[in-house]
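Naming follows writing order (A, B, C, D and E), and every chain is counted from residue 1.
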Amino acid sequence: MKRAVAAILAILIFIVLGLAFAKIPFGNVNLEDYHYYNPIQDKQTSDSVPAHYLKEGKNETGSTNIVTAVVVDYRGFDTLGEVTVLFLASTGVGSVMYIFEKEKRRKVRRANAVVETASKLLFGFIILFGAYIFVHGHLTPGGGFPGGAVIASSFLLLYLAYPKFHAEHKSLNVAESLAGLTFVGVGLIGLLVASYFLYNFLPFGLPTYLFSAGVIPIIYVAVGVKVGSELTGIVDAMMGVRE
Amino acid sequence: MTDWANILINAGLTALYLFLAICVGLLFMGIARKVTARIHNRVGPPIYQNFLDVGKLLAKKSNIKHNWIFDFAPLFALAGVLLALAYLPMGGYRLLSGDGDLILLLYILVIPALGFALGAGASANPNAGVGVMRALTLMLSYEMPFLLVLLSLMIYYNTASLTTLLEKQMHSVWAIDVLPISALAADIALQGMMMEKPFDIPIAPHEIASGPLVEFGGNYLGMLMLYSAGSIVVETSLFVDLFLGGGIVLNPAVYGILAYVVNYIVWFALIFVVWMIAIFINAVFPRFRIEQAFKFYWKWPTLIAALGLAQAYIMSVILGVSV
Amino acid sequence: MIHPVLLIAIPLFFAFLLPLISLWSKKSLPYVTTAVMGLNTIIAILVFLEAMKAPIFDIIGGFQPPLGIVLMVGPLGGFLAMIINTAALIISIYSMEMKKEPLLKYYMLTLLLLMGTNGMVLTGDIFNLFVFLEVTSIASYGLASYNKDLKGFEGALKYVILGSIGSTFVLIGIALIYSQLRTLNMLDIARRLGEMDPYTKIVAFASLFLGFGVEAEMFPLNTWVPETYDGAPHPVTAMFSSMSAKSGIFALARVIFTIFAFANYLWFVVIMGLLTVFFGEIVAYVQKDIKRMLAYSSIGQMGMIIMGLGIGTTIAVEGAFFQMFSHAMGKALLFIAAGYMIYAAQTEKMSEMKGIGRNPLIGIPLLIGILSIMGMPPFIGFYGKFYILMGGFSQGYYAIIALFLAASIVEIAYYARFIKIVFQPSTKNYPAPRSTVYVPLILFAIIIVLFGVYPQPVFEVLKHVAAFLAGGA
Amino acid sequence: MEIWSAFGIFVLVPLIGALLSYLARKYAVYLGLIFALVPAIALYPFYGKEMSTVVNIGVKLNLAFDVTTWFFMLMLDTVALASMLFATSYVRKGEGGFSTLMLLGLAGANGVLMARDFLTLYIFWEMMSWSAYILVLRSSGEYARRYMLFAVLSAYLLIMGIGIYYYYTGSFLYSAASGIPLSGWAWILLFLILGFAVKMAVFPLHVWAPYAYRSEQPFVAFLSGGLSKLGTFGIFMAMYSIAGVAILQGFGTFRSISLFGYPFAVLGAFTAFIGTILAIFQDDLRKLLAYSSIGQLGYVMVGLGLGTPLAVGGALFHAFNHAFFKAILFLGAGAVIYRTGKYRISELGGLGYRMPFTFLFVLFAIFALAGIPITSGFISKWMLYEAAIEKKFVLIAPLMLIASVGAFLYCFRILYGVFLGQLDKEHENVKEAPAPMLAAMALLMLPLLIFAIFPGWILKWINEILTGANIGTLKYDTYAYYSSIGGADMLVFWITFMLLFMISMYLFTRKRKVTKVVDQYDNYLAGETPPYVQLHAAHNFYKPLRDTWAPLLRYSVDRAYEKFVKFFIEGFEEIKKMYTENPQDYAAYLGIAFLIFLLVGWWLL
Amino acid sequence: MIPYYYIASIALIALGFYIVIAKKNLIKIIIGLDMMDTGVNLLLISIGYVKGGTAPIENGNYPIYVDPIPQALVLTAIVIGVSVMALALSIAIGLYKNTGTVEIDEIRRLRE
């Protein structure tokens, strides 16, 4: 009965959404066509938002990677929210898993020596790779989130290899906090400097250089550290293996 | 200033009429006892027996008294019944009936009953309480047809004033001729109003020792006898005034003092007839229990009265007969 | 010039700072949180005063909208932000009652919840709205399961499932809009809505309506409410009803009025509001647990607000906003009182709480709160209800209003039953409330009475409703 | 400025008093008395003044003061004063709640009377309702909910009326009533009248009253005597001040009575009848008085429905009388309960010998209630009867008349059951009620006696109200009053009555009697000489009547409501099952809702 | 050109929805939620696609880029999805620790 209802509902939703998307061209779009309206100045422009980003992004943000420009600068506020969400997730998981922290540790068979050794070796490289990704977020594909995820994966590896391993909770927290504070702090400095929150107040420098794009790298580093520590924290909390 | 003379004359006349009414009432009581006795094949007391009784009772030296509320009964009862008599045209003489109408009269009639009931209640005798309860229930019973009858009269004659009612009857025909159904209902209601059999359950002497009267004696009982004498006149006279033109056969405006005398005699005859009907019924019927009385009154007389009301309504409102 | 973004940045900043503070002193956490909320309240008031003069557009990152994100604070948004922050401040006093570990996480979550709700109210960008919706939701998930007992987890599970389906739909709606307009700014979307394909537009609207409806406790998307409210810690329940629900409904209002001004869809919104009221009140009547009853009642109240929004005339929407205010204050009060009662009576069953309100410190504010929720003058609950109803009449929704009033009578019935139990004489001895309980109760009661007796300031704000309805900030 | 003083005195002073008496609990009852005294006394200089103003607290409160307001305030404030006076000995000392809530109720009531727009009316109306609710809750918690539900029902009916009015006019002002079509008026008036009728406890909306009137008696005196008059005021205002006679006549007429008002008149007559019949069978003193209250206000409803000058005048007058005599009766009941702690008529008895003054006051109130001409209660009843009879209404008039006969029955039940008959041994040492209680009752008795002798005085005020509302004028002079078919002169009545009373007095006390006062048990019991037994025949007093009515008494509106509610609550339980607590079902709801939203959108756009 | 991406993403959404309603296992339900999320993300990305476009990283070689905004949005959406999943899973763990089962019906039965 329930399955039948579910199936019917799923099919109906498929149909109605499908009908909606039938009207949306796939790929056949000209990004220049969507002229936006500026509500503050109350004027209709002949510019389009994505086209504007693609054309002016480099000049306005100093970032070569337009997606990064959008993520960190144009829509930096979203990213702040996103970081918050992740922070929330780690906090929430930490809070939910709290009682279980006192429980007896599971009996986990040790991984074999190859895994242990390889993990030890790889750990640093993975972290380095992660750091590389977020440091170059404004130049190449990637950024804080993938970088952070990579860093977290290195810790995950350790968790897998060493049943007894657990990350230092306090330092994770501190890293998390400091990174978050950096992000918000940068935003607040922008507010102080130019009365725009998250204003890109540093000089843009030369495009394609590492030290370019103003605050974007700083933010991305903060995001990377934060995401890394948070995901580690989540994994840590979920493993529930602390004594 | 000339008014004062008028007022004094009127006051004297009223006193006379009231006195006469009480006497008539006492007389009627005596007649009733005699007639009933004859029907029962007894000798019965003399007709003037009740005068003697009242005289004796009012002259008695010692009284049994329960408390101060007990005194309400004789005072209110007598004052109330006298007041009702003053508002009631008797044989064409109508001092106060111009200053109040039927509804006022209806409520004045309650004053003595209420006073009586208060005194009876204060006597602390359970029989009295039961009696008053029955009396009140009976009142609720007979008032239903009686009020409908009154309403039919008021609607037909388009007045609530007794004076106007009498005048209109004087100038045309008596109400009983045009509203006979209502008159029938009124007569049945009158039987209950006078607490004659079959509706004498409130004062049923053998059952609850005369009910409300049980604790009264001496002066108190004397006053109350005067009250019952007055109320007989009030009740019969009310019927006569409503349906039999108040006994007015001669127009006082034309015939002057002669008219008053003649009318008084006719009125007396008429209330006598009404009283006799009641007495005959009283003499031959057994007693209804109170719930039977209630059911009876809210069934047949009410139906008859409603018919009468319908008749009056149709004649007055739909046919547009105006008197 | 005061920046509304501070309302978001400050709680966030301190949420990040709290772990560091906790390293230094764990005991100071509640005070820091309360202080932050106090600071936020002050800023909210300043923002509100500023917004009363002219709508504030706080540009983030220095890019003109729709290129960048903009915070759009009209008088109503400012008003709502002020309400939310005030409620948060007062509830945070009650939060000091919380003893269950991990307190650090608790205070972080509350700060972030505040940040999320503030963001939802302030933002002028639809994707940003989604992000803040998620911030709010996730903070709520965490807080809802904070008790870590079965009830809490069950409630949170329901909230998670419905909430994430809802947010999925929001995202679908945003995708549909973006696919056709290539913009995310609300005012821009509203302006260029005509360019959209009609069917797509409807699907987008339905998706957004559904998504925000979950947060706004609209029937039949509100099924998570009772259990989540029931399972959550008491201060959190108060926060849910006075903060997240309010921001959800404001988001809904934004969708209905600012983005899609579908005039002829409105009567359906009214019907949904009516159904929400109906089911909320009716099911509340048969509840035996105090918090569940209040939760269902909360649904009913939210339905009333939705009705007000749906009616769509100036007076009705004024009523709806007034109702948001009154509900935020009244329900928070009731939930705090309920928290105390559960603590004092050691049970959630209402029938076991005889005579608990005979202590005037609890009883009087409780009575004021209930009367306000019932819609009795001169408490703030009255004006909202009355104006919504009058708005309904002015549109000729007689039958709907009549049904609404019938449901409202059910509401009175169960509150009266509750009052009767709470105030009936009893020999039971209950522990006296601590100042952390009665101070917030009294503060809420004062607000309820003060603005009930003299609602002029609120009506001053609500004059701007007409501009809001015309698609402004 | 003057209106501000009126607003200040009649609304703000009680409000301040409420606040103060809550804060200063120790002196609450006295503070209550003082703050009730201020408006009651200040009323006199305000007679005949007309003024209006707008107070802006965010919503505009349109307030005005005119003779109608004054007239109703006269009842309300006086009754409130008497109740507060009574309460000084009735209510436990150091209790702030009573005075606070009473004064809140008073402020609300005065506000209702001064309101000139519906919003203001509603605000004060509800204020009055909930403060009364809490007062009911304080003592008879069990049934407070019933009161509240009906109070709210009343408020919501009002809201419906107000809303429809708002739909047509776009304003809440009374004076904005123009351009409303007749069908609109029909609904507006229907809802408004029904809403106000709840407060007047008109059948079948009366079921709250018998339960609410079980609470603290001084409050009940105010509730029944004072607050129920707001219903009268509201109906009067809605029908004759806002709509006006012209519109009522526009519905068509039946013997020059508006077809709209006629059904309400019939309903009122029916209420009078039902209330009376039910009152006869009550053993609980307070419930008896409650049903009596229902019946009496039925009369008022008749008058308001008929709408002739005589009828409306009678209604206003009867409302006035009812305010006073019913307040005395409830206060008297309160005094009895205060002294004995009992409220069942069958458990009392003989208290008239121990509490003579209470008895006297109650007796006079009962005279007024029963319409005995020595109080003004008669005059108002007379006006109502004549109004019905002169228009030849053969349904309304008999119902009213028989109800008034029924009133004697329950009046005597109170008198006999409580004050007369045998005094229970338990009550041997019962003392007379304390002085404040007696003073309160005496205060209320004054107008009943004064206006019985000088009906012209009050008829003058009523006449002003009637002419103000374009209803017509009354025929009256200082002592007499007339209808088209009759009239009565109170001066003649009083003089004759006094003379005849003196004659009876003379006859009765003509000789110095040797009067032996005997014990109450020393009475004639048909030869039986029982030892001490309670022979107070008040238990199940009207049993024979009850037996005859039994088949009809089976049908109870009360139970009908209960069944109705039970039916709905069962339905609620069914609806509750929708919340299955299974998240998957909930998710399915979400999907269905999405599809419905879409479908509706598709259809609409 | 048939927009396979759209069909696939909508199918993912519908399938996820089906799983949420029909499956009894809590973990499966959470997977269903994740599938819905993934579907929407795919949808967002496909919206941003421009025929012949390439990743919007400016190096002067390509004249056509895809729309950068959906990519940014998806980045956010993914993280949000992850966070929700993390919490949902931790709640599932909590339920498991409390009841010893992850079957929805069992949990409900146990509570009563």
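Throughout what follows, a residue touches a chain if its C-beta (ideal position, glycine included) is under 8 Å from a C-beta of that chain, and two chains touch if they have at least 3 such contacts.
Being a predicted model, the structure only gives us computed values, none of them experimental.
For the pair chain A and chain C, chains touching both partners: D, E.
Contact with both chain B and chain E is made by D.
The chain pair A-D and the chain pair C-E differ in C-beta contact count, and the higher one is C-E.
Averaging C-alpha coordinates per chain and comparing to chain A, the farthest chain turns out to be B. Centre-to-centre, using mean CA coordinates, chain D is 67 Å away from chain E. Measuring from the averaged C-alpha position of chain A to that of chain B gives a distance of 105 Å.
Taking each chain's centre as the average of its CA atoms, chain C and chain D sit 43 Å apart.
Mean C-alpha positions place chain B and chain C at a centre distance of 77 Å. Residues of chain E found to touch two or more other chains are 13, 17, 20-22, 29, 43, 47, 67, 69, 73, 76, 80, 83-84, 87, 90-91, 94.
In chain A, 2, 5-6, 9-10, 13, 16-17, 21, 24, 31, 49-50, 53, 74-75, 78, 81-82, 85, 88-89, 92-93, 96 are the positions where the chain touches two or more neighbouring chains simultaneously. Multi-chain contact residues of chain D (touching two or more other chains): 581, 583-584, 587-588, 591-592, 594, 598. Pairwise chain contacts present here: A-C, A-D, A-E, B-D, C-D, C-E, D-E [touch as defined].
Residues 581-584, 587-588, 591 of chain D are the ones touching chain E in the complex.
Residues 17, 20-22, 29, 104, 108 of chain E are the ones that touch chain D when the two sit in their complex. Within the complex formed with chain A, the residues of chain E that make contact are 1, 3, 5-7, 10-11, 13-15, 17-18, 21-22, 43, 46-51, 55-59, 65, 67-69, 71-73, 75-76, 78-80, 82-84, 86-87, 89-91, 93-94, 97.
Against chain C, in their complex, chain D makes its touches with residues 56-59, 119, 122-124, 126-127, 129-130, 133-134, 137, 141-142, 144-145, 148-149, 152-153, 156, 159-160, 162-164, 166-167, 170, 569, 571-573, 575-576, 578-579, 581, 583-587, 589-590, 592-594, 597-598, 600-602, 604-605. For chain D in complex with chain B, the touching residues are 350, 352-353, 356, 359, 363, 367, 370-374, 378, 382, 385-386, 389-390, 392, 394, 397-398, 401-402, 405-406, 408-409, 412, 415-416, 419-423, 480, 483, 485-489, 492-493, 496-497, 500-501, 503-505, 507-508, 513-518, 520-521, 523-526, 535-538, 541-542, 544-545, 547-548.
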